[in-house]
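Each of the next two complexes has chain A plus one other chain: chain B in the first, chain C in the second.
Right after this comes the complex of A and B.
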């Protein structure tokens, strides 16, 4: 893998995605929905006694919203990032000039940067909102939530890119990505098979959330959460590189 | 392989797994899920065009047969059929089960089609 080639692919992806109207609309919906989730915190405040709540309730609702609806947006943006290139034939022009691993890692990093920026914007706005509303200026919650959600979306980007590079066409990639998402969400609840929840990013996202935002929770859970998600990302990246090196275009 | 033959092969293999699971007292749910994945893999491996759609069809047929076999061997069948409410609840649970197993069948079909592609 060449770092220079990877950065070229990454920049190219970011340029193309930010010029695309579909991508911009999807990202706008993503940010608006995440910000709207702050309003649910006002409802929770009305329902709960004032002594039980703290200033971080805005982060809790936004984190949970992003945890549940975020993967849908990840799929919407990344399901065709490799299959579209295969369908249009542009991959045949790119692959002889750069290494296959650089191509796929560049795509992965580009999409990760895009979602990291979006989550960063969301939590920056929430930080300002919470600071004005509750006079709380703690940076720990927004920064840790942003870091965990970046890792969390990285897991789903890896899964989507795997499916996208293996599927025959973009529509099959979309169907399979949503199928995989539903199965992962069901498995993360421990439904049917308890042990399978350890293979899902959602479960690691939830335990990370619990350890950050609940002071009474076991603080070692955060290491488990970060380690689990890093392991999932490295596994999906490894399989991506393997698939790209084996596949004929 | 012919489309009909591969669907039939998938359903037969899935039903065989269900029958073996029923006799060896394994958990019903896991056997049904495993058989759905196997049906999907067989259909995905042997059919080149539109394996996902055909695997959904094959999994639905196989799951209905499998649930039928399991209910037939269930010692509490009289209790289930005696009350309309219990029967209705069992049917709803089974429909949810079938929907979940269809998703597993689609993933199985994807794995099967990848195996066919990378075998060459």
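Right after this comes the complex of A and C.
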């Protein structure tokens, strides 16, 4: 992998995605839905006014909302990142010029930055909202939520890019990505076998935030959460590089 | 300059390229000739780093194809079935490809201007490529392949699907580039085109190299005398008499059926 080539692919992706109408609409829906969850949190706050966690309810609802609906947005923005290039033939002009690993890692980092920015915007707005509403200026919740969700989306970006690299057309990539999402969501519940949940980013996302919110919870949970998601990201990135190096274009 | 050693590609049980050994010298315009489905695009794909060979290797300037990352700086490629981003301009493409080839922004801008001028697209550099004609896209394809001053240019079916006037302009451009010292490999199924511009030719059929030599020697080989026997049915007597008197008809034999004529045509093809 070449860092210079990777940064060019990454910058190119960000520049073009942020000019793409489909991407901008998806981003707007993502941010609006996330912010709507704050208003939902106001209702919950009324019901749990005397609870320990009442001040953080805005973060909780936003985090949980993004944990559940976020992967759909990841699919919407990344399912055709590679398959579209294969389908249209643009990849045949790029691959002879750079290392294949640089190309795919550039795409991966670009999409991660995009989602990291989106989550960052959402939590910045929530921070301001909570600060004005409750006069508390603690950065722990928004920063840790942003960090965990960035890792969480990184896992799904890796899965989507793997599917996109293997598929020859975007329609197949879309169907396969949603199928994978449904399977992962079922697995995250433990399904029939408890160990299946350890294979899903959703489970790591839940335990991470649980340990941040509840100081009495096992603090090893946060390490398990971060470590688990980093392991999933490294596995999917390794698999991506392997797939790209093996396939013909 | 470029040499393949038993280069082979199989797709399942289908052998697309079978132990190919071609030799391209520095300064050549090498024509890679063969009918559709002969294995030209697969070979070009392997030489461009798009397709992984099943076995064998290629040597480019002393470097092995298996280490494509080392040789890619010296190669410019315009593969068949490749495409540009329709919503970006030619200049935008050239800047992207320039930076991928390791040029900084100033160098990429100057290369872009020089190459778009060379292929005659300088007036339409800001137009989105989606609005380009087929011929303009082909010329942009050559321009992007020339970024970074490659020593070897590989063009796959470059004049395929464009009108004769554009095709001639592209051929003239290839000859000009060769005069500047660039070795060029051009694949085509068009014998006329290969004869017009190439000094060496390799003929591929069903994945195998059937001939490789200087174009003049290949032409001599093709232009030997041949005898062809033709049988024609349902001819009138007047037509039979007319055919018997034709040039090159050496022998003729009328079959038992009055309407059938067998004749041998001898001459240079």
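The criterion applied here is as follows: the second predicted complex is superposed on the first by the 245 of 249 C-alpha atoms of A that agree within 3 Å, B and C clash if a C-alpha of one lies under 4 Å from a C-alpha of the other, contacts with A are read in each partner's own complex, and residues count from 1 in each chain.
Basically, contacts are C-beta pairs under 8 Å (C-beta built on N, C-alpha and C of every residue); 3 or more make two chains touch, one makes a residue touch a chain.
Everything numeric in this text was worked out from a predicted model, so none of it was measured.
Q: I want to verify the contact counts: of chain B and chain C, which reaches more residues of chain A?
A: After superposition, C is the partner touching more of chain A.
Q: Contact-wise, after the overlay, does A:185 reach chain B, chain C, both or neither (first, second, both, neither)?
A: Neither chain B nor chain C is touched by A:185.
Q: Quick check on the superposed pair: does A:12 touch chain B, chain C, both, or neither? Answer first, second, both or neither.
A: A:12: touches chain C, not chain B.
Q: For A:176 in the superposed arrangement: first (chain B), second (chain C), both or neither?
A: The answer is first: A:176 touches chain B but not chain C.
Q: Report for A:246: first if it touches chain B alone, second if chain C alone, otherwise both or neither.
A: both
Q: Considering only touches as defined above, state whether A:166 meets chain B (first), chain C (second), both or neither.
A: first
Q: Just chain B (first), just chain C (second), both, or neither: which does A:98 touch?
A: The second partner, chain C, only.
Q: Kindly classify A:193 by the partners it touches after superposition: chain B alone (first), chain C alone (second), both, or neither?
A: It touches chain B, and chain C stays clear.
Q: Look at A:4 in the shared chain and tell me whether it touches chain B only, chain C only, both, or neither; answer first, second, both or neither.
A: second
Q: I'd like to know which partner A:88 touches here: chain B for first, chain C for second, both or neither.
A: The answer is second: A:88 touches chain C but not chain B.
Q: Name the residues of chain A shared by its contacts with chain B and its contacts with chain C.
A: Residues 246, which sit in both footprints.
Q: Of all residues in chain A, which touch chain B in the complex?
A: Against chain B, chain A makes touches at 163, 166-168, 172, 175-176, 179-180, 182-183, 186, 192-193, 246.
Q: What part of chain B is in contact with chain A in the complex they form?
A: Residues 29-30, 33, 52, 100, 103-104, 106-107, 110, 113-114, 118.
Q: Hey, which residues of chain C end up touching chain A in the complex?
A: Those residues of chain C that touch chain A are 45, 48-52, 69, 72, 75, 77-79, 81-85, 88, 96-97, 99-102, 141, 144.
Q: List the residues on chain A that touch chain C in their complex, please.
A: Within the complex, chain A contacts chain C at residues 4-5, 8, 12, 16, 88-90, 92-99, 246, 248-249.
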